[in-house]
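The structure appears below as structure tokens.
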Amino acid sequence: MIQVGIIGAAGLSGQELLYWLADHPDAEVKVATSTKFQGQDIHQTFPFLPKQHLSFSGHDEELSDCDVVFLAIPNRASLENAPKLVEQGLRVIDLSGVYRIREIPVFEESYGLKHSSPELLKEAVFGLPEYFRSSIGSARLVANPGCYPTGTLLGILPFADLLEELDRPPIIDAKSGVSGAGGRVEDDATNYVEVNENFKAYKPFKHQHQPEITQYLEELSPFESKKLGEPVFTPYLLPLSRGILSGIYLHFRHRISESEVRKRFDAFAEENPFIQIMPEGQLPDLRSTVHSNRCAIGWASDSSGCQWLVQTSIDNLVKGASGQAIQNMNLMFGLQETCGLS
Amino acid sequence: MIQVGIIGAAGLSGQELLYWLADHPDAEVKVATSTKFQGQDIHQTFPFLPKQHLSFSGHDEELSDCDVVFLAIPNRASLENAPKLVEQGLRVIDLSGVYRIREIPVFEESYGLKHSSPELLKEAVFGLPEYFRSSIGSARLVANPGCYPTGTLLGILPFADLLEELDRPPIIDAKSGVSGAGGRVEDDATNYVEVNENFKAYKPFKHQHQPEITQYLEELSPFESKKLGEPVFTPYLLPLSRGILSGIYLHFRHRISESEVRKRFDAFAEENPFIQIMPEGQLPDLRSTVHSNRCAIGWASDSSGCQWLVQTSIDNLVKGASGQAIQNMNLMFGLQETCGLS
Amino acid sequence: MIQVGIIGAAGLSGQELLYWLADHPDAEVKVATSTKFQGQDIHQTFPFLPKQHLSFSGHDEELSDCDVVFLAIPNRASLENAPKLVEQGLRVIDLSGVYRIREIPVFEESYGLKHSSPELLKEAVFGLPEYFRSSIGSARLVANPGCYPTGTLLGILPFADLLEELDRPPIIDAKSGVSGAGGRVEDDATNYVEVNENFKAYKPFKHQHQPEITQYLEELSPFESKKLGEPVFTPYLLPLSRGILSGIYLHFRHRISESEVRKRFDAFAEENPFIQIMPEGQLPDLRSTVHSNRCAIGWASDSSGCQWLVQTSIDNLVKGASGQAIQNMNLMFGLQETCGLS
Amino acid sequence: MIQVGIIGAAGLSGQELLYWLADHPDAEVKVATSTKFQGQDIHQTFPFLPKQHLSFSGHDEELSDCDVVFLAIPNRASLENAPKLVEQGLRVIDLSGVYRIREIPVFEESYGLKHSSPELLKEAVFGLPEYFRSSIGSARLVANPGCYPTGTLLGILPFADLLEELDRPPIIDAKSGVSGAGGRVEDDATNYVEVNENFKAYKPFKHQHQPEITQYLEELSPFESKKLGEPVFTPYLLPLSRGILSGIYLHFRHRISESEVRKRFDAFAEENPFIQIMPEGQLPDLRSTVHSNRCAIGWASDSSGCQWLVQTSIDNLVKGASGQAIQNMNLMFGLQETCGLS
């Protein structure tokens, strides 16, 4: 039985970890910290979570009996905690953004934070199992991907070898429910009266997930932002609780056939248990994936066959955060990737 | 006092006409037809509408005492009714899609309908006051624009003279509340349980509003779809009742400065009372315009100044339908454009 | 492996049966009928349902290989189908309302339907496991309770022996999400634009679930509607998809202590795995039970200790319909009551 | 032209005052204070508000040129500000709860605040125009009623002379949108993810609006809580932005006829321009009154004619707060009651 610690277990990602791990056959939560709810029984605090017979601990709780620790805390706190835990010999899965961007100046500009552990950053493995499965298996520190990058990269990377055929940078128009977008926008932005019956974009061209998308596109394909220009990335806040629907516009210099595209995605789904390809002519909606670790993918093209629109749907708290984190844990401990996640 | 007839007064657009006209100082509703509610008092049927002391008539009600008739009925019914009414000497504002597209083969393919009054089609004036104000003044038949084309054209056309500087066709990613998208998607699509906590695109690359957008771009600017390719148009269904937020991606061959863009839009707003320009750095949300006849416009660009994202927000039932129809009526009868609409 | 047939598998209750049975360890769906989707693969039709490798059959599909059949069809259709299936030797769980009310005149007035199988009605067992567990075990026909009666009876019946201390009939003010209330209210009532940002009561004092509540109160307790008056029952439509929150006002002639009430409910929860008692001073919300088969119960009282308000929360599609139906199936086949439901 | 000051103009009630006063023919906002937005243009801060050519001032702004000041600030701040303003000779309309409850011990227990201006409390007039119209006309300080008491009292008081026929205290089950309930419940309670797809009661039997309801029932009718018991009051949080639907259960010792009830309410509506009576057999929904100053009233009874359910619908921010405050201002300055409110 894998012994699990969760730092920041009362936030939305933390609650989601508690939800899924309660039914995991090979892991159990030993420590779940929360400053705010310290000492309170988890099930009584959050009655929609299964009974755990576990109470929240304070943030200084001893973790040495754990095999793996999930960090579900703000960026700055992850920067501080991850190095200490790794030093202690614990394996760490960090859900914050601080170990994902490899170039320190880019990180520091995007996050407005100085990076205090550049060595560990070099070692961190990007926890997108569909592309880094084997490195994750042996990683000490997994940087769990951002929710937007997860939805975007899983829609673009199956075209990886074709990206040099693009004649324009991808345009990504991504719409997120409040649990995904909330923490990252300005004050009061997640108040009910602000969000309800409303819809808007925020931080176009300058969201901190944009360099994460660019970096892994360049790392995993011949895409060159220097030549073609940066991908365009516009995130929006939807009036619903969960889910990210990403629309990705790709324009190729040459016609690409429907059957070629389908072949690529079918192959991608065959190798990856959480990828779900939509039937012909159908685009995914958010209901397809909410409360699941799946990424549903569909597409359409114009009559020329050059302009494609790929759409992906994920639950930002599951495949976009805590579900993917557990998928990473499964890989780190040699379990089946889908264990406890279906 | 302008005497008004409304055919199809119990649908969403019809209700919205009743709502605004109840307070119009220079117009009064004389006839409001509804097959379903014939004989019922309007205020008792729809208690959220102001008291009108008027009941719904049947569709065969005599209209000869009216000065103007609004058609808020399905496409096929508008095709049949408009010619008869115009022949009777009545002025007509048609909210359906059947008198908007000038090329009959394009119309017939988009709407799956044969056009039975091509002569009247030639004469119809497109009711976008910001661009056709003077022709509307003397029109016998005004084709009130579609909700998506309204939001899109008002965001692109201020760049009209620059559209030959585009090096790619515009990409329009437009999200609509249920009252705008509803009638046009498949069966059951507007049931609460389908829409709530859900989000999805529909009819990408083949929505019937796409040729309407293309046609008026070409008519009002040097934009050539033959050279550059058709605009890309993707509509989505948002889980909210009202509003369309359109994101329009424009990529120019040369840098365009922020101040040049602002100058254009400020001039546009100065000439057009319902255009609202967002303060610097702000994008419009749907709340900005809901229940108003305004179109709010904001924008952002990348660091190169070549890639622009313009966003417009309208209430699909007001500026996207019934409010704009009343604005057209005001122009047709020599009233102030804003009369009864603020 | 129990072989299951579902008649009406594409409705909301049918989909919910498919959802839960997909993971049931001891049952598998052999036949799932739908007139509308006949021949279509279930997972492709409803991508949010797990893969079943099963297609919808027509309503005339052979069911003789099934061990149990769920009827998730309208009242009239259940009246016709249940007797035939029982005669064939199949065990039947009927989710409609036609085998719940014992007095035929009461039934006929409430449902506006003539009862065509009074013999079978006599035999039918009311499928509320918390009170009819042993009869369900051997039943040929289980009448699965209505969603409102489930939420109401589970909140009142733990006071069964005290109901003769009431000095007024219970007042039940029950609020339901659209999937529970929808099918039963007037035309168009579940259209998104009608429901969204709206709230209202419907059928006060005359909802067809009221006699169901009265009947089982009288059957299981000394409550006498003739002496005290009928319970007052007001249902409402909430702008959300799932869940019923029932507020039950009980006024006793004598003070009842908090500890006595808690003792009753704790004992009730101990004997019944799906009853969840709220911590002291907390009332249940809908999130506590959505997507679960639990019924969460909380309460409050005035300072006299005579006036009590009990609140129960259930998911109308799970404990209020399909989950409870599976719970009944488990009992009918000697399985653990919670099997496949947690 | 009445010169208006608004203290706390950026909160929800303050914004609503700005919205309605922008179109008021006989009043104009001269000062609108907000600590948070001091110095910012109102229309730029809240683009959904009409253009006002006015910026927010700090809380120390000079008000001596104003004729009337609205206090849209927290309880404690109203307690401090009201006496100073009244002393300055300004007329004051206070939207907080601190000048509504006449008995100081009751106030202090309900609000957890010491009352520092008992003299002014004695003088304050309860701003429910339907019952205190003439006193409001000459008041120096109007205590604008709470949103729940408004919805409740307008539904019960037309029965005032019959309340001694009640044989049980009224039970009030009142459901509020977030803008009404929000400010008064615990931390984080109005976060989108908490409220969306959720529903729950809060503070049953101990909400601070309960004594306000009791007091005015006793003051305006022969209702005696000492004899009959306190009214039961349960408030709930609905997942929508605006509106309160109050269900009021009244049980009389004798039969009351439908026509008698209708006569009472029709007479009430005749004397009071914002009272809207529902057609026979219809109950109000929230859409009937949202964004209006109306209170819509409907009812139903059981077959005995003793048990009645009255339902009222108001917009908590309009008739339940700022609209009613403007109605009070109209009365204080001899204007027509409906001025600027329709």
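Just so it is clear, A, B, C and D label the chains in written order, and each chain counts residues from 1 on its own.
The working rule: a residue touches a chain if its C-beta (ideal position, glycine included) is under 8 Å from a C-beta of that chain, and two chains touch if they have at least 3 such contacts.
Just so it is clear, the structure is predicted and the values come from calculations on it, not from any experiment.
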>> Centre to centre, using CA atoms, which chain is the farthest one from chain D?
In response: A
>> Count the C-beta contact pairs for A-D and for B-D, then tell me which is higher.
In response: A-D
> Rounded to the nearest whole Å, what is the centre-to-centre distance of chain B and chain D, using the mean of the C-alpha atoms as each centre?
Replying inline: 38
>> Between chain A and chain D, what distance separates the C-alpha centroids? Give it in angstrom.
In response: 46
>> By the touch rule stated above, which residues of chain B touch at least two different other chains?
In response: 196-197, 239-241, 284, 287, 290
>> Under the definition above, what is the set of chain B residues touching chain C in their complex?
In response: 12, 178-179, 182, 190-197, 239-241
> What residues on chain D touch chain B, complex-wise?
Replying inline: 44, 47-48, 50, 197, 276, 278-279, 282, 284, 287-292, 296, 342
> What does chain C use to touch chain D in their complex?
Replying inline: 168, 171, 173, 175, 196-202, 204-205, 229-230, 232, 234, 236, 238-243, 245, 247, 249, 251, 283-287, 290, 300-304, 307, 309, 311
